[in-house]
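In the two complexes that follow, chain A is the common piece, with chain B as its partner first and chain C second.
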Partner chain A sequence: MAETESTKVLDEIKTKFGDAVSPDEREGYDGYLVRAENLLDFATFVRDALGYDYLSSVTGVDYIVEDKMEVVYHAYRTSGGPALLFKVQTQREKSVVPSLVSIYPGADFQEREAWDLLGIEFEGHPDLRRILLWDGFHGHPLRKDWREAYFEEDQKPFGNRWPEGKVYRIEDKVPFNKNVKYPANFTPEGWVPEGEGTLYASLGRMEKSNGNGTGSEHIVVNLGPQHPSTHGVFRMVAELDGETIVDLKPVMGYLHRNHEKIGERNTYIMNMPFTDRLDYICSMGNNFAYALSVEKLMDVQPPERAEYLRVIMAELTRVVNHFWAIGFLLNDLGAFFTPALYAINERELILDVFEAVSGSRMMCNYFRFGGLARDLPPGTAEVIRDLAFERLPEKIDELERYLTENEIVRVRGEGVGVLTAEQAIGFAAAGPVLRASGVPYDVRKAEPYSIYDRFDFDVAVRYNGDVYDRYLIRVDEIRQSIRILQQAIQDLPEGEIQTGRPQYQVRVPAGESYGRVENPKGELGFYVISDGSPTPYRYHIRAPSFINVTGMAEMSRGQKIADVVAILGSIDIVLGETDR
Partner chain B sequence: MPLGVSIIFSGSGAWQQTGGRPLFAEVGMAEDVNQETPIPEEENGSEFEIPEELRGQVTITTLDKLYNWGRRNSVWPMMFGLACCAIEMICVAASRYDFSRFGMEVMRPSPRQSDLMIVSGTVTKKMIPQIVRLYNQMPEPKYVLAMGACASGGGPFKEGYNVVSGVDKFVPVDVYVPGCPPTPQALLHGLITLQEKIDKQSIQSVRWYSKQASEPIPIPILGPDLIDPRDLPDFAERQAAVEEKAAAEAKT
Partner chain C sequence: MYGIGLIKGLGVTLKHFVETYVEDIRWLSRGGRYYDEEALKVRQSTAARGIFTVQYPEEKLPVPEEFRYIPFLIYEVDEDGIKVDRCTSCGICAKVCPPQCIWIVRSNDPETGRPVPAPTDFFIDIDICMNCGLCAEYCPFDAIKMDHDYELASHDRFKDHIFDKERLDHPLSYYAEIRPRNYAEEERARAEKEAAKAARRKSK
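This part shows the complex of A and B:
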C-alpha cells in the first residue's frame, strides 16, 4: 500500500519537475533532493497537489567534507501516513535557501533557529534574527568547524586527559578559566553591546492616529524572562494599544543548553539521559522518541514486555503532564496554587512509580535501544493497576467537578486565544493545541509506532481552539490515557525486557532517521544522522514546545495583556524543550 | 496562662553573665517548661531575681538568638525557576514536602521582597545578566542557594557554549545542593542547612549592618561571548599568558 502510494507520488513529481527534483540515493537516506530555485514551487506542489499540509520539521545539516549545507524538511498529511522528506543543498559558505514561511508559516522559528545555529540564510524570511542566542554572538555553533572554549575534542569519550601522566584541567587553557571564546583581535574594553534594537524594530511600532489629530503611541511591555507566569525563563515582548495586544514577539534562548552540540559529541547511549532534560516533565516520552529513532537506524525491535512497559510509562507521563498543565493553567488564571496542589498530589503518586522502576523521580533515563534499563520491581504492577483502575479515574472526575463548570475558568477561557484549524495546521502546532482547534491529528493513530495500534482509544478533539478547549482536551486525553493504561496493564506479558545483550556502545549503521512520538505536548521528533561512528553526525530535536509558540503572536493579537499569560499557559510549554 | 509570652531580651552581655548559657533554652519553649517546674531563684544561675508573677511568662535570651530565630523561620524565597530543578522546587512547595513547615512558603515574584534566591537550574550566558541584576535588587540580608549540579558547577551541560559553569562564578553562594535534580528531600536539607547557617550569624558582625555598604555586582555583558566586567583591565595580558603557556606546552 505504502509502496504504491510512494511510487505514485514519485511519478507525479517526475512529470511535474523533471530533473529539478531527484530522489535522494545516498545509502540509508530517503526523500527528494530539490534544487534551491525550485523549492518554492515544489513546496507549493507538495502542499496543494499532494496534500502534505503539515510541515513538521525544518532543520539544517552541515556536511563539511562534501562542502555542502543541507536543509531537511519533513512534511506530513494531517489525514495520517508517513512523511515526505525533501532536502535542499547549497554551498557551505554564505548558504542561502528560499524561505518557506509564505507557504508553511510554521517554518518561521525553525528557519530562524537554522540561521542562528548553522548560519543558513533564508531568503524572504520576514524576520530573520537570531532566536536562541543573542545578537552579536560570534559564529554559528552547530557548524562542524565551530569549536567551543571547553572540550574541543570531536567526540566523547575523550582522548587521554592525562598526557604523559600530567593532569591538566580544560579550564586552565582558556583565558579567565572560563567557558568563553572571543574572536581574534577582539578587545572587550571598547565593546559596545548590540542591544535589542532589532527586536524592538521587528515589532513595527507605529503612531496611531484617532482621527482628531491627537495621536497616541503604542507602548511596549516586556514580560519575563523573570516573571511568575512564564513557566520558566520565557520572555514576551508585547506591543500594546491601551490594554490590547497589537503585536507580540516571543524571545527565547534563556535556557539554551546546547543540547544538539553536546549530543553530536556524545555517544548514542550517552544522549539518553540528556533527552530527559528536554521536556523535564515528560522524561519517559523523550526517551521513547529518541529510542525509536535510533532503533530505526539499528533495525532492532524491543521484546513484547518492553513494548508494553514503554506504552505504560509513556501514558503515565501523559497523565502527569496534563495534570501539571491544568494545575498551572489555573495558576495563570489567578487560582493561585490550589488547583495545582490537587494536580501535584496525583503527580507525586505517579512519580513514585517512576522512582521505583528507574531510580529517579524526574530524570528517568529508563529506555535503552532495543528495550529498557530494568524490569518492574515487585509490587509496582499492582500500584499501576490501582492507579489506572481506581485512583486516577476518580481524581480526574474530582478535578473536573471543581474546574470545568467554574465560572472564572469559562469566562477567562472561552473565546480567548483562538487558533482556527487552518492556522493551527499552518503554524505546525502539535498535540493538544492542534487537536483543540478541531484537527484530529495524533501520531499514535496517524502513524502508529510501538504497539499503539493494539489499543482501543479515541483521539480527543475539540473545535473552538480557545483556552477553554485546550483545558478540556487535556482532561479528555487523561481519560484516554487511563483507558490505554488499563488495557496495557491487563495484557502485560511476562518475558525479556531487552533484545540481545545490553550494550554500552551501540553500532549504528550510516543513514538518517526520524523517530517521532505523540508526546504530551505534541509531536516530538528526533532527526538523527549516523555516519557509522560512535557519535551521531547530526542530532536534531523537533521540539513541540518550541514550534507551538510560533502561533503565540497570532493567538494573542487583539486580546488583552492579562490574557497572554492564560494563552501561554494553555499552550503548555516547557523551557527545557523550547530552548534546548 | 496567657498565650502571649512577654520577652525580656538583652544583648550578648547577659549571655556572658550566665556563663554562656541562656536562662531558658528556647524562646518558644519557655512557657511550657516553666509551667511544670519553675526554676528556683537560687538555681537559675543569675544574679537577677525573677518575680513570682513573671515566672513562666518571661524568658531571657540573647539578641542574636532572637534575631536569628525570626529570620530563620521566615526565609522568603524568590519565585524564580530556571530549569528542571524548578519543578522539584515547586514540589517542595506543594503538599507532600511542604516547606511552609519552615516558614518558607511565601514565594515572592519580586526580588525586592525576598530573602533567598534559589538558583534552580542551568545558568546560561544569556540569562546571567538578569540573574546578577535580580541578585543586586534583593535587599540585605540575602542568601543564595545553588540547587542542583548545573547551578553549582555547570552540571551535565558544563561544556556548552551558552552555559555558565556554576552561578558562583558571579554571585556568592551560601548553600550548594547536589543532585540532578536534587530530590525534594535534598532541597529541604539544603534549606535546613541554610537555617543552621543563619543561626550562627551574629548581629554584631553581619555584613548588612557593617559600615561599608555592599557593592552591587557588575552586570555581565553579552558580547561575541559573555564578558565579565571584573575581568576587563588585564584581559590582553591574561590571554597572552594563556597563549604563551600553551605554546610552551606545545614545544615540550
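This part shows the complex of A and C:
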C-alpha cells in the first residue's frame, strides 16, 4: 500500500511541478529535491494537499565538494506514518533559500539555527538573527571549512596520542585570549551590543500618549539568564504592559558547545557518550535515538533481549523525566522543593538501576549499534519488577493525591499558557506539550520503532492545552509507561544482547538516515549522513527542548509576568539539549 | 469545598513526616537507622519509607560493580615478584577515547627495532576524561578498567590532574576486589581459551 501511495504522490507531484521537483536519486538518499523558487509552493502543497501538517525538522548541510548548501525538511502527518523528505539546494557563497515560517511557524528557530551555524539565509524570515552564538562570533561554525579554537585535526582519533604520546594541555599551546577570532572590525572592548538593540526592536516596543500630557510606556523585563526559574542559563525578554505580557522573546545559547561539530569530528561510537550530555535527564532515550539512526544506515538489528531492555530503559527514563518535570513545575509555582524532593525520591531508585546496568546514574552510555553495552547484573531485574509492579504505581497515586486536586495548582494552571491544537502542530511542538493540546501524536504509535508495536498502551491526550493539562498529561504518561514496563519485564526473553561482535570502529555505508524516538520531552531525532568514512559527515539533532520553545511567545501573550515561569516549567526544557 | 485538595495534599506530607519516625523506632532495637550499612541499604531501596537522604561523607552510598569513574591500568606480579603490565600498548583505547584524553608512549626495542609490547608511559588527563568507559570496554587485553574512586579533588589541577602510568597502575588484586563478578567472568573465559589452545596443541 505504501508503494502505491508513494507512486501516486509522485505522479501528482510530477503533473503539478514538472521539473521543479525531482526525486533525490543519490545513493542512500530519499525524498525530493525542490528548486528554491518553487519551495514555498511545494511546501504549501505538501501541507495542504498531501496532509503533511507537521514540519518536524529543518537541517542545513554543507556539501563543500559540490560547492552547495542544502536544507533538508522532514515533514510528517499528525495522523501517523513515515516522513516526507524534501530538500532545497543553494550555492555556498551567499546561500539564500526561501523561509518556510509563513507555512510552518515551527521552522522559526530551526531556520535561525541554520543561519547561525551554517550561514544559510532564509529570505522572508521575520526575525533572522543568530540564535545560539553571539554577535562577536566569527563565521558559521558548521561549515566544513570552519575550524574551532582548539582545532587539532578534522577527524578523530588524533594521530599524536599514540604511539608518541607527548602529553600536553591544549591551553598551554593556545593560551586563553589567543583562542578567539572576531569578525572584521570587531573589538570586544568597544562592543555595543547592537544585537540587543535589534532584539528589543523586534519586540515592537511602544509608547502611547494619553493626550493629557501624561503617557504610558511598555517596559521590558529580562528574566534570566541567571534566574532560578529558568532551569539553567536561559533568558526571556518580556515586554510588559503593566503586569501583562505583550510580547516575549526567548534568548538561548549560553550552554552552546556546538555538539554537532564535535559530533562530526568524532567516530560513530564516540558520539554515544556525547549524546548523554544533550538532555542529561534522559540519556537512555538519547542513546536510543542515536543508535536507531546509525543502525538504519548499517542495517543491523539488535537481538530480542536487547530490544526489551531498550524499551525498559526508555520507559524508566520517561518516568524519571516526568517525575522531575512535575517536581520542578511545582517549584516554579512556589511550592518550594517538597514536591520536587518527593518526586526525586523515586527518580533516585530508578537511577540506581541505571547505575547498576550502565555504570553511571545520568551519563548512561548504554546503547551500542546492534545491541547494548552489557546485560543486566544479577538482582536488577527483580528491582525493576518491584518498581514496575509495586513502588511506582503506589507512588504515582500518592503524587496525584498530593497535587492533582490542590486548589493552588489548579488556579495557577488552568487556562494559563494555552496552546491550541492547530498552534501546537504549527509550532512543531512535540511530546507532552503537543498532546496536552489535544493532538494524540506519539512516535511510539505514529511510526512504531523498536518493539513498541508489541505492547498494549494508550497515547495519553488532554484537550485544554494549558499548564494544568501539561501537568496531568505527565501523570498519565507515567501510568502508561508503568503499563509498558510491566509487560516488558514479564516478557523479557533470555539471550544475547549484541548482534555480532562489539566493534570499536563500525563501518557505516554512505547515505542519510533519520532515527527518531518519542523521548520524554518530545520527538528526538538524529539526522545522520555518512560518506562511508569513520566519522559522520553530518550529525544533526532535532531537539525537542529547543523546538518546543518556539511556541513560548504565543503561550505567554496576555498572561501575567508571574505565569511565564509556570509556562516555561510546563514546557519542561533542559538547556543541555536546547543549546547543544 | 474549597481547600479539600490542599488538606489532602498536606496529609501526604504528614504521612512522610510520620513514617520517618515510625521507621526510626522500628530500627531502634537494631542500633538505629543512621550510620549503619545495613540500614542505609534499606533506606535506599524500593522498600524505603520516610526520610531518604544520605549523610555524606559519614555515610556513603555503596557503588555497584559497574560504577565507572576514572580508568586505571592493571599489572600482574609474576613468580619472581616482577610487575608485568597487562597493557601491550596496542593503542585501541587511545583511538576509541571520545575526548582523546589518553596519551600512550610506545617504544621500540633498540636491538630488533620492533615495538615493545608494553607502554613506556601512559597518561590520562582526568579533567578531560568523560568517564564513558569505552576504553575499558574495548581493550582486548583487559588491561584498562574503570575505577570506583570518585573522591579526587585536589588543589592544583595542572600538577595533579594528568595521571601518569605510576598513578594509573593498580595490581590485579585491586581489580578483583572492586569488580569481582567481571573479574571472575574474565578469568573463566581466559581459562577456557587456554584449555582450548592446549587441547588443540595436543591433538596436533
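Criterion: the second predicted complex is superposed on the first by the 539 of 580 C-alpha atoms of A that agree within 3 Å, B and C clash if a C-alpha of one lies under 4 Å from a C-alpha of the other, contacts with A are read in each partner's own complex, and residues count from 1 in each chain.
Going forward, a residue touches a chain if its C-beta (ideal position, glycine included) is under 8 Å from a C-beta of that chain, and two chains touch if they have at least 3 such contacts.
Bear in mind that the values here come from a model prediction, so they are computed numbers and not experimental data.
*Asks:* Pick one for A:Trp134: touches chain B only (first), chain C only (second), both, or neither.
*Replies:* First partner only, chain B.
*Asks:* For A:Leu575, is the partner it touches chain B (first), chain C (second), both, or none of the two (neither)?
*Replies:* So A:Leu575 only meets chain B here.
*Asks:* Looking at A:Arg374, would you say it contacts chain B, chain C, both, or neither? Reply first, second, both or neither.
*Replies:* second
*Asks:* Thinking of the overlay built on chain A, is A:Trp191 touched by chain B (first), by chain C (second), by both, or by neither?
*Replies:* Only chain B; A:Trp191 stays clear of chain C.
*Asks:* Looking at A:Lys261 after the superposition, I want to know if it touches chain B, chain C, both of them or none. Which is it: first, second, both, neither?
*Replies:* So A:Lys261 only meets chain B here.
*Asks:* Does chain B (first) or chain C (second) touch A:Glu348, or do both, or does neither?
*Replies:* both
*Asks:* Quick one: is A:Phe274 in contact with chain B, with chain C, with both, or with neither? Answer first, second, both or neither.
*Replies:* Touch status of A:Phe274: both partners.
*Asks:* Tell me the contact category for A:Leu403 with respect to chain B and chain C: first, second, both or neither.
*Replies:* A:Leu403 sits against chain C, while chain B stays out of touch.
*Asks:* Mind working out whether A:Gly495 is in touch with chain B, chain C, both or neither, as first, second, both or neither?
*Replies:* A:Gly495: touches no partner chain.
*Asks:* Check chain A for residues that touch chain B in one structure and chain C in the other, and list them.
*Replies:* In the superposed arrangement, which is not itself an observed complex, chain A uses residues 273-274, 345, 348, 363 for both chain B and chain C.
*Asks:* Within their complex, state which residues of chain C touch chain A.
*Replies:* 2-6, 8-9, 11-13, 16, 44-46, 48, 52, 63-68, 89, 91-92, 94-98, 100, 102-106, 115, 121-123, 125, 130-134, 137-138, 146, 158, 162, 181
*Asks:* Which part of chain A faces chain C closely enough to touch in the complex?
*Replies:* 152, 156-158, 161-167, 169, 266-267, 269-274, 338, 342, 345, 348-349, 352, 355-360, 363, 365, 373-374, 377-378, 383, 386-387, 390-391, 398, 401-410, 502, 504-505
*Asks:* Using the touch rule from the top, collect the residues of chain A that touch chain B in their complex.
*Replies:* Against chain B, the touching part of chain A is residues 132-134, 136-138, 141, 148-151, 173-176, 178-183, 186-189, 191, 193-194, 225-228, 232-233, 253-258, 261-262, 273-274, 277, 280-281, 337, 340-341, 344-345, 348, 361-363, 575-576.
*Asks:* Which residues, counting only chain B, touch chain A once they are in their complex?
*Replies:* Spelled out, the residues of chain B in touch with chain A are 79-84, 86-88, 90-91, 93-96, 109, 121-122, 124, 126-127, 130, 134, 154, 156-165, 169, 180-181, 183, 221-228, 231-232, 235-236, 238-239, 242, 246.
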